[in-house]
Structures are given as structure tokens and as C-alpha cells.
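So that you can tell them apart, the chains are marked A, B, C, D, E and F in the order they are listed, and the count of residues begins at 1 in each.
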């Protein structure tokens, strides 16, 4: 073997060993991954994601996936002639809409993710919040700019997570994949923001990490530069100052909810980077923004 | 308490005790229930079904539910402008159709059943054949009347049942509810006849019973009269003679598959009778037709 | 099947389902049954009792039976020429008497109950308070009307229940049947009131229920009418007022002891009603009197 | 400490160590002891027996005791005016007699043994053959000298031992004490020879040893001298030759039954020797006669 | 058998039974034995020791052995031309010396003890303080008579005991034999006083007993007479008064450390007496001095 | 982050993922590593080895290390004035020599390896063949060139491996490090070839792999070129042809022994390559020679 080739394979070993302290630290712990954006939509990134999740599971870490499903819901609604209607960024959800949302999330996207992971050799099991009453939800009203509460239909918020089924699957080497649909006290269906569900699940499992896979590099500060580490207090201040806003808002709120509920760390990383998940967990390079207590 | 009232409540106790030998015989055994027809569509029958299943579970029997979903699939296809096409009674299933089938079965009907059972106090978990690779499937060709094979698209047949996830849920007091969607070697989705899935699952679990809830009284013989008990040989003869045909055919084939695979008994009962399931399992009155080895 | 017949069997199912919430509530919990009176002496009632107990066990409830044995003890004493002698309602018990008591309770009545239950398919195991030191006892003196203590021989009171053997049998699906004989610090035998033993056992097991099967309808109030529910305070008041007296007194004291020790509820029911036990536990009809904290 | 005293205590240690290979060989194994005769009737021998059994249990051996009860049964029958009647050495047993037998064996002798062991710190639990259907029995007819069968009433022989309850107690450090009363298919009581019960129990448990505590030195050969070791074949020959006869006959038959059923060794030892049981099991001195395959 | 012989063997049984209360009291508890002196050097005493330890283990007590190794270390050093050098009774330990110490303790003495016990049928496993980081150590300075600290090289003191490996071996019926070598934070080797290691191990295991096998009769008081029992306070006073000094000092300090750390009792006994260990644990005769809280 | 840097870290992830199929294949399996040569003697290679072993353990593979110790034994013998003497390549081993061998292997080299692994965060436990009778050995005679047997002293061969202690450590996440010293029937010490011990251990554990870390590139064929894969038959032929000889001979014999005994594969790899172990197990590049059935 030529020396240069040999040097290459030796470097391989060093990279494997870089993962060693992280494996040791995270074995037996849950990592909740909010899966969405490019990482969920582009072919090669999807493959990468499936293999990354599988490696986590194989080395004894317990990944739990929570996914969203924006564009595909809109597409089916359009085909069915339903006009989407939003109030304050939230979809107004009538009975027919919630049925469409549930079919797309649970019957399409969830199953695609499950099949993808299993095709790479994992053993994933898809769940909705109705399974084992995993996500107990209640109606969420929208508070308008003038402070009045507006009824936006079957949009829910998490009342309680019943994590027994998740723990049962994790304990047996399976990978839970969770669609953000909640069940009300009367059995009714609620559409819930997937970011917030991920935060609640991370809290209920006292996860080691909550990782949001997004389509941005992380959280930008007041000067527009990427912030590597953010404390809870700083994050709260940036929200108040309106620097954290728009689509980033529910992600950071989810992170804060997770930390307050007992999760150790939260990360907002760039899902457009191949293997962003693996790099975040197993290498010393910082990816995106981490939020800590 | 007046004597007549007392007599009434004493009779209650006798009915409870009638269940005693059946509970003893079936404890710890799986009962696979093919759920469909009126029992799945009419309000009060649905409530009855949920409570029946729950009682089975509470006394230590392990119910596993397999459901179908005919009419609702057609309704959504129609709304989406897809013209249903059938060959030899089987739906020709292109990629778009199988997606609709999966959304309706997994994202709608399955979740309704799960929520229904949980609302009555059970702990049901919905599964598709993709979860944990539960139903491994392969393409099924239709053999036309002239013996030629016709490609009817993504219609599948069961290649193997991987029952680990079912057993895990059963062992932990949960009630699995299974949608008849299979996964191919390349991760592709297959639409499979629910009756046949139920038979395969009953075989894989070596179930105590496979129970088909139907909209008829049972199997009628050559003279049109209801048959109480049918041996495997007799069933095979009635199929050959064309007496068992149409919608009853897959149910009886499913029963025979279950028996050959190790299930103890199969039943075809009238789901229009309130609590038909409970009566079949816990009382001495015969309901419908039983098929035995 | 004629419609009327069908209506009959459907009603059966409703009765089975009426038991559902009770099974759910009581599974895994102990129910201590003080067995005596008509239910222990009349043929058909004995059969009913055995089947009732067996059904409890089959659906996952843990019955524990404590029995007495009055008339049969007297009969053997008479044949042996011993003149029964009572002081304040308690049998004066010399060494020979306690030996007769033990032989009848442990060697005759206990074994009849065990054989009866096993004959119906249960797995009962008889125990005396000596087995595994289950009932540690000490001498009980009788306080005469003038306040002086009278020695009435080998009559005992419970010093401590060592419930390990009971729990071992319950955990393994067996039905313990306990004779009210205690063992003193020096290995000596004590005759103890069976009602009081039942109360102590219910407390030690933190039983869900203590049920006294008696030959009356329940507790009558000052106006002679049956009382359905009695709080601890009311029961204490009725004892003080002398309304509860005679043979009912030790039963109510046993109930109060059980409640104070951690049992959830106590019942005094009419053992002359067929299946009184089952009806009390599995139906909504009230039987007799319940005493609660 | 004077040298002589020191020598004495050092010898103590050597005696303790003599037990070492026997403890190692017998740990976790069952030793079935037929308890009767002087060892059961004389004060100090009873104390010795209790401590011997306790030491066995403490070092990890599993003692199971089977007792008889001859003289005390006769005494009670006499007091009750029943004239004992024997045919071929077996007690003719009518319904009243079997009731007396059961009361004395189960309600008196069994409990005395249990209390004795517990008083010395053990945890004994008394059982009759009815408990957990431990001894299933059937009617035994007496074959008279002319070959005709004579009905001698409720005398039974063992049909099957159901050892689950014994094993449950042994596994949990408890010492089972078993009275030789069997239960028939209809729940009826049978009086069975205790020697034969011990042999059947030793076979069912595949015991390491069956030990008969008797009132003789062991088995005497044709020359009247004590035989140390006897093979199965020799024992059978001595029976045929009439050398083994009378009360020794059932003991040797019990030993042969145990050996044929899987027990490793049987012993007939002199219960009049203090600690005969311990010496047999833990020292190299031979006591009595051993019977081997 | 002549009566005198019989009397002899009966006495044997009584001696066995004398051990009964001690076995009961100590089962499942750890006994840490500091092994050294004559008991480790003289042939027959070594055999006795091995059998004593084995008997402890067989009856369910958990022996843990800590050994020293003085003379053999000096012998090898001499052969290798190293001049021993002592400061205040402690060996000045340079890198070469600690290597010799480790080779002799771990590679010679430890293995001799392991082989000795295994030859008698035990299952011993030798350990050094490096195995599983069992003895974490740090450098110990010597405080000279004038109070200045003197560097005596690689002499260590216990920083922490990590008892997981010991417990794992004990739980599985194995006998740990521990050499007093510690490991520093950088992986360096420390020579530690074996007496002190034994005390720390007894504390970490919350041992029932710490037993020092020595070459003296026990602790002598101010009048030179053997003290049977010593409280912690008295022991501290005797140390301060200089009555306990020299080689006895680390033994008593070890005992006090064990007691403070949760051990129940400590003993200093005469290892020159055959079976001193067994006699101390299983008989009522006092051997040497016991130190109690 | 610049694109080139990003490309670098993404490549990292791909390397991590390359390990995925190997982790999946080898989880829960034992890998026996014969450790020696440069990898055991040179500073950086030792560090690499420790981290490699640790990573194996962390991802659920069970490494077992067997080491030798040639040069250090000779050095100590020389210092002690013992002249090494070899017959047919094997050290003539008198009593003094075997003592030196044991001290160096068990008391020095073994402990260095244990401390090295633990320093990097593992939990290693060192063992000799005496611990738990792990390596039962018997005397091995040397067969001279003329076929006569020559006594070369305390040189042994493996009679039996008792793997219970190894399995206990492996099951509990510990890393066994084994010195090649065997114990004879009489407790005597035997010096055994470490290569052969490794082969026997791999067989006893039915290891997934036996890996020899050597100072050559692998096995060279008749043409001097490195052979990548060798079947058992080819290896046997090369031995017979004298192509495999010298120090390679016991390594190949060890490999054949392992394969015949149930190990899946054996490897002879170049320990001078950094991380050779990790590369062999986790990457697709072939290192050295593999021998297969």
C-alpha cells in the first residue's frame, strides 16, 4: 500500500475516534430530532438523514423523530379545492382541514420517513399523538394584535405527553417517528405545531438533546452574525427584542420549553449541510446554534 | 329489594360466570379481529366494538385488530378526480392511487379506530405494515379468466409478517390496530386485501382465534342455510363448488391460511349484531360460522 | 335466530360489559373475604361462592379468604364431652379446647374450602396463622362488666400479620384460604375471632376491599332501615350508641381496623343472596352496607 | 487460653469443615424427609430435628418434610368411640374415620411441626395434599391373601404429585411440611400411607435424597446384621425373600419408587439417634442403610 | 456402633449447629479479611485458611481477601541489588522499587493465594487496585518527627475505592483476592499499606466484619493483658496514650476507618491458631480483640 | 465556514458512516486480540491501541485482550543471573523461571495494559489463567527432531478454557486483559505460548474475530507477496510446505484452532500501522491477511 494511501486510511481511524467521547457521553440518552425543511425534501439529504439516525441508534443513543409537513398539506388542500386561510401565521383549521392534515402527516409523510429508515436497516415505528394517547391536546386560541382571542378551529396545544409508548419502543431498539397530531379529551383531532411538539417530547423524555434541522445556518444576532451558543436568558432577551421572530420563534420557544422541562441542550442546525445531525453529535466542530440553560 | 329485582341481579351474576371457562381458556392468547362493514361504520356498533375489545384486553386476552377501508377510499379518489378501475374485483392501483389508499387507511381510518378505543379507556396503538417492517409484501399479479397474468399495479400480497412489534405491544397491555398496507423490498407501498392480511397475522401470532366481522350471518351452504361449523376440507370443497364466492371468498381463504399457519380457530360472524365479538368469545351461543382444522 | 332470543343474548353482552370498569379498577388489588354463615353452609351457595372467587382470580383480582367455623367446633366438643363455656360472648378456651378448635378449623373446614375451590378449577392453598408465622398473636384478656380482667384461656388477639406467604401465593395466581388460628411467641396456639383476623389481613395487604359475607342484609340504622353507606365516624357513633352490637360488632370493628390500616373500603353483605360477592364487586347495584373512610 | 481448650476449639473448626464437601454437593437440591417415630414424639429429639432442618435450609439445601401420625389418630378415634379396624395392616377408613384422620394430621400434627420449626427461626409452611392439588389420589383396594380385592374405604394411593406449590415455597426459602392426605377427582379425601407419599414426592422433585427417620437401626439382612448399602436389585430380592417385611416394607417400597422416579439416593436411618439427619447428610460416618440405583 | 463412638458423632452435630445463628446473621454480607503473617506463610495454616474461606462462601457469606507481602518483596529487591531504605517505618519507593513491589504482590503472592483457594474447590479471582480502577490512590507524604513533610516516593494512600468489580464478583459466587497496589490519576502505580486498604474496602462494601489475621493474640491493654472488646473511643485513647503502636497501629487505624465508613465490626485475631477465621465467625468462643462502634 | 472546510467535515461524517454496517454486524460479539510486538512497545501505538479497544467496547463489541511478553521476561532473568535456554524455540522453564515469567506477565505487563486502557476511560480488568481457573493447563513435552520427547520444564499447553469469568466481565461492559499463564491440576504454574492461548480463548468464546497484532504485513505466499485471504485448507498446505514457519507458525496454528473451535474469522495484521485494529474492523480496506473456514 503506498504511503499516501496509508496516511489516508489512518486519518479515517482518527475521525472514528473523535466520536468516542461523544458516544460515551450520550449512550442510553434520548435525542429528539425535529425533522423538516430541505433535509426532509431533497433526495440525497434524506438518505444522509436516514443513515445518520441509524448510526445514532446503533451506538446506543436513542433517537426520536418529530416531523412536520407544510407544503404537502397545502398541495392536497389545493387539489381538494380548499382555500388555505391563515391568521397570525397559523392555519385556520376546520373539520375538513384537520382531516386532510392528519391524512398527509400520518398517512403519507410519517410513513415515508419510516420506510426510508427501515430501508437503510433501521427499525422505525411511526406514531401519531393518538397512539397510546401520546399527545393529549386542547384547543389553542389565537391572540390577535389587539389582544382579543380568535377561534382558529382545530389548532391545538400540548396538554400532556404520555411517553410510555415512546419509552417502550426506545427500550427495545426501535426508532419512534412522531407526527404532530394531538388528541382531545373527547377523541377529537388537533393540528399542532411540530416545533412545539418536539420541545414537549424532549422535556417529557428529559432528552440529552433537542435538535432542530432547519434551512438556515442557525440563530443570527442583532448584528446578523451567527451565534454559536446562547443561554436561556439571552434567548429570551432576543425574543423580546424582536431579533428572534418569524419561523425561528417557535423553534426557540420549543428549545426553551425543552430546557425548562429537563432536557440538557437544544440545537438549531443547518439541515442543508449533509450529515449535519451526525456532525453536531459526534465531532468537535460547532454546527449552528446551541441553546443551554 | 323486591324478589323480582333480586332475581334479575342474580341472573346477572350467572351471565358473568358463563364467561369463566372462556376467560380461562383464552387468557394470554391472541385474537385477531378483522374489523369492517357495519360494525365499523355505524355509531352504536362502533361503541360496542370498542368496549368489547377493551373487555377482552382487561381479562387478559390479546386482541389485535386489522381493518379495511373500502368506501372511504373511493370517496377521496372521487373528490380527487381519480376514476376507480377494477379488474377481477381488485382495484387497479397506480402510484397516485396507492398514495390515496395509504392516506385514508393509515391517516384516517386507523386513527379513528385508535381514538375510539382509547376514548373508552383502552391503550391502542395504530400501525401500518411499514412500521417495524411488519408486513413485507411483493407485487401480486392478477390471473385473468384466460390464465394470463395482468398487471394491476401496486397491489401486493404478503411475503412475510415480522410480528416483533405486535408482540411487544401485546406484551405491554397495548392493543395493536393494523392497516393493510405492505412494504416492498425497495420501500415501495403495496395495497393489500385486509382479509388476507388478517389471516397472515393470525398465522404469524399462532392466534387462538381469527374473527371476521362481516355484514352477513355467516357462511351459507348449498341449501342456503347458515352453516355453524365447517371443517377445512368442507370449506375447500365449497370453494371449489363455487358455493363460497364473491366477497366471502377472501374471508374463507384468510381463515384457511390462518388455520394452516397455526391459528386454532376461525370465525365468520355477523358484525351487525351488537356485541357479536363478545358473544362469540364469552358465551355458549354460536354466532355465525366457525371453521376448524 | 328469533329476534327475542337475539335480544336476550345481546343483553348478556351488556351485563358482561357492566363489569368492565370494575375489573379495570380492581386488577392487581387484593380483596379479603370473610367467609361464613349460610354461604359456607348451604350446598348451592357454596358452589356459587367457589365460582365467584374463581372469576375474581381469573380477571386479575387477588382474592384472599378468611373463614370461621362456629357450629362445627361446638359439635366436636360435644361429642368429646367438653361443655362449652362462654364469658361475654367469647369461648373460654383451655388447652384441650384450643386443640379441638385448631383441628376443626385447619384440618376440616379450611380443607373443605380449599377442595371446593380447586374442584371448580382454581388453585387454592390453605394456611393457618402458624404457616410462615402469618398471624403472630398474644393472649387476650376479657374485660368484665365491672372492668376487671378475666382470663379466658387461649383466646388471642393479633399482634402482627406477616404477609409474605400471602403475597407469594397471590403473586403466583394462587388463592390463599386462611384459618383464624394465631401463634404465640412461644409457639403456643391461639383461637382468634375470624372477623378481626380478616380486618387485620386487609390492613396488612392494603386491600382494595374487605367483604364480610353475613346472614343479614347489612347494617341497620337507628330506625331499623338498611344503611347503604356509612362513614367511619358514623360507624363509631352507632357503636357508641349501642345500635351496632352483638355479632355485628366485631364485623364493624374489623372494617374500621382495615380502613385505618390502609384498606380502601369495607362491605357487610348478605351471603344468603346467590353470588352476593360477584354482584358487590362487578355490578352497579348496591348490596348491603359499605363502610368508607 | 490453655492449650487443651485451644485444641478443643480447633477441633470444632475441623468438624465444621468436614461438612464442606457435602454442602457443596447438595446445595440447591431437595432432600425429602419422612418424619415419624421417636424423632416426632420425644421432646429433645423434636428440638434436634427442628434445628437440623433449619441448618439444611440455611446452607442452601431444600428440605421437604412428609409426616405420618399413627398413635394420635387412634387416640382421637377411641375418644370418639370409633373402633379401629384393620385389614392386612391397613386401616379400614369410612367417611367419619377419614375426617378424623384429616383433622389430626392436618389440623394437629402438621401444625405442631410447623410451629416447632418456626420457633427455632425457620419459615415452615404446612400443606395437605389438597392444597394446590398437591397429591391427586385414587381409591386403593386391598388384595386379600386369596387374591380377591377388598374395599377398605377411603384409603388412597397417589395418582399424581403436582409439585408447583412445593417448588414455589422451596424457591423462596420456605420449608414445606406435608400431611399425607390426598384429594380425589371429585374432591373427596383419601388417607394415604405417609411412607409412600414421601417416595412419590422425592420422585416428583427428583430429590437428592429421600431420608426415612425410623425407630430401628436400618435394614437388617438375612443374618440379622445391619446392611450399610443396598442396591435396588438386592432390595427387591430381600423383599421377595420376605426378609424385608412388616413396617419396613412400605419404607423400602417408597425408597425404590423414589429411585425409579429420579431421586439420587434413599436412606433408612435411626431417628432415635440425636441429630441423625444432620450426621447422615454432613459427616462421613454412615448412619443406617442407604439404597442406591 | 459403640456408645462412646456414637456420643462422639452426636457431639459433631452439636458443633455444626452452633454455627447456625452465625450463618443466619451473616448470610449475604461481606467479610473483608486482611491476610498476612504466619497464616500466609506456613503450609498447614495456608490450607486451613483456604478451606475456611471456602466454607464461608459456601454458606452464603461473601469473603473478600486483601493481602500484603513484606518479606518476599525484600528478598527480590536484595537479589536485584536494591538496598531497602525506610523512613519512619515506610519503605522509600522509587520507580524501580514500585515495579518490584507490584510484580511480587500482583504476579506472585496474589496468584499463589488464588491458586490455593481454587485448588480447594473455590473460585477466586485476583485483582490489583488497577483492575476496574478499584483503588484510586494519591501520593502520601511522610510527616517527619519535626513536622516537615518528607517525600518517600511512590507510596500512596487511598483516594477512593470503586467497588463495582468486587460486587460483581461477589454477586456471582466468586472470591476476590486483592493486592494493595493503587493507581494514580495519571495511571502511575502506588504502593499502599495493605492494612489500610483492607479498612477502606470494608468501609466501601459496608462489610459485616473486617478481620485482621495477625501474629499476635490481639490487642494488649496498658496492663499487658489481652483486651476482648474495645470501643472506638477506647481504641482512640489507647492510640493517643501510645499503648497501641508499631505494627498494631495501622491495623487499628484500619479498623477505625472501617467502622466510621459503615462496617459493623472489626477483629484483630491470631492467625497462628488453626482455623482462627472460622472460629471467630462461627463459634461463641472469643478469639483476639473485637473493635466496635 | 468556507466551502473547503465544510467539505472536510462532511467527509468526516461519511467516514463515520462507513463503520455502520460493521457495527451492526459485530455488536454483541467477542473479538479476541492477541496484543504484542511494536503495538505493545511503542508509545504512540500503545495510545492508539487503547483508544481503538475502547471504541470497540463503546459501540457494543466485546474486546478480549491476550498479551505476551518476550523481551521483558529476558531482561529480568538476566538481571537475576538466569541464563535463558531454548530448545526448538521454546524456553526451558524451571521453577524459578516460571516464577519470573509469571511476575513479569501478570504483575507488570498485564497491569500496564490495564492501566493504559483505564487511563483512556475504559474499564479493563486483568486476569491470569489462574483466576477462576480460566486456563487449565498440562505439561507440554517438546518433540525433538528425532521424534523423542524432551522435557522442557513448566511449559504448558491448554487443556481447557473456563470462560465464565470472561463472559461475566464482558456482559458487564468490562474489558478482560489476559496473561498467558496456565494452572495445572495441582495448582502449579505453566508458561504457555500467548498466540495459542488467544486461539483457544477465541474458540471458547466462539468469537467473531481473532486478531493477531504482529510486526509484519501479514502472511506472505510462496512468491513472497502478501496474501489477502487464506482458506483453512490453503493455510494447512502452506504450513506443510514450510512457507509458513518460525514466529508465524504459532499465529497461524492459533488461527486454525480458533476457526475449528467456532470462531468466525482470524486476522494477522500489521500492528505497526496506527489504528490497524480499528481499520481492520470498521473500514472496507483490507489490512494484512484474513483466514477463513
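One rule holds in what follows: a contact is a pair of C-beta atoms (placed from the backbone, for glycine too) under 8 Å apart; a residue touches a chain by one contact, two chains touch by 3 or more.
Bear in mind that the values here come from a model prediction, so they are computed numbers and not experimental data.
Engineer: Keeping to the contact definition above, tell me which chains border both chain A and chain D.
Structural biologist: none
Engineer: Please determine the option from C-D, A-F or D-E whose contacts repeat those of A-B, over half of the contact pairs being identical by residue number.
Structural biologist: Copy of the A-B interface among the listed pairs: C-D.
Engineer: Would you kindly say which chain has the C-alpha centre located farthest from the C-alpha centre of chain B?
Structural biologist: Of all chains, E has its centre farthest from that of chain B.
Engineer: Rounded to a whole Å, what is the gap between the Cα centroids of chain D and chain F?
Structural biologist: 58
Engineer: Quick one: report the Å distance separating chain B from chain C, using the average Cα coordinate of each chain.
Structural biologist: Using C-alpha averages as centres, the distance is 46 Å.
Engineer: Among the residues of chain D, pick out those that touch two or more other chains and give their numbers.
Structural biologist: Not one residue of chain D touches more than one other chain, so the list is empty.
Engineer: Quick check of your reading of the touch definition: is the inter-chain graph here a line, ring, star, complete or other?
Structural biologist: Shape of the chain contacts: a ring, since each chain touches exactly two and the loop closes.
Engineer: Could you give me the chain order round the ring, chain A to chain F and onward?
Structural biologist: Read cyclically, starting with chain A and passing chain F second, the order is A, F, E, D, C, B.
Engineer: Which residues of chain B touch chain C in the complex?
Structural biologist: Listed in rising order, the residues are 6, 9-10, 12-20, 23-24, 27, 48, 51-52, 54-55, 58-60, 121, 273-275, 278-279, 282-283, 285.
Engineer: List the residues on chain E that touch chain F in their complex, please.
Structural biologist: 79-80, 99, 102-108, 110-111, 114-116, 118-119, 123-128, 130-133, 165, 168-169, 172, 174, 181, 183, 186-187, 189
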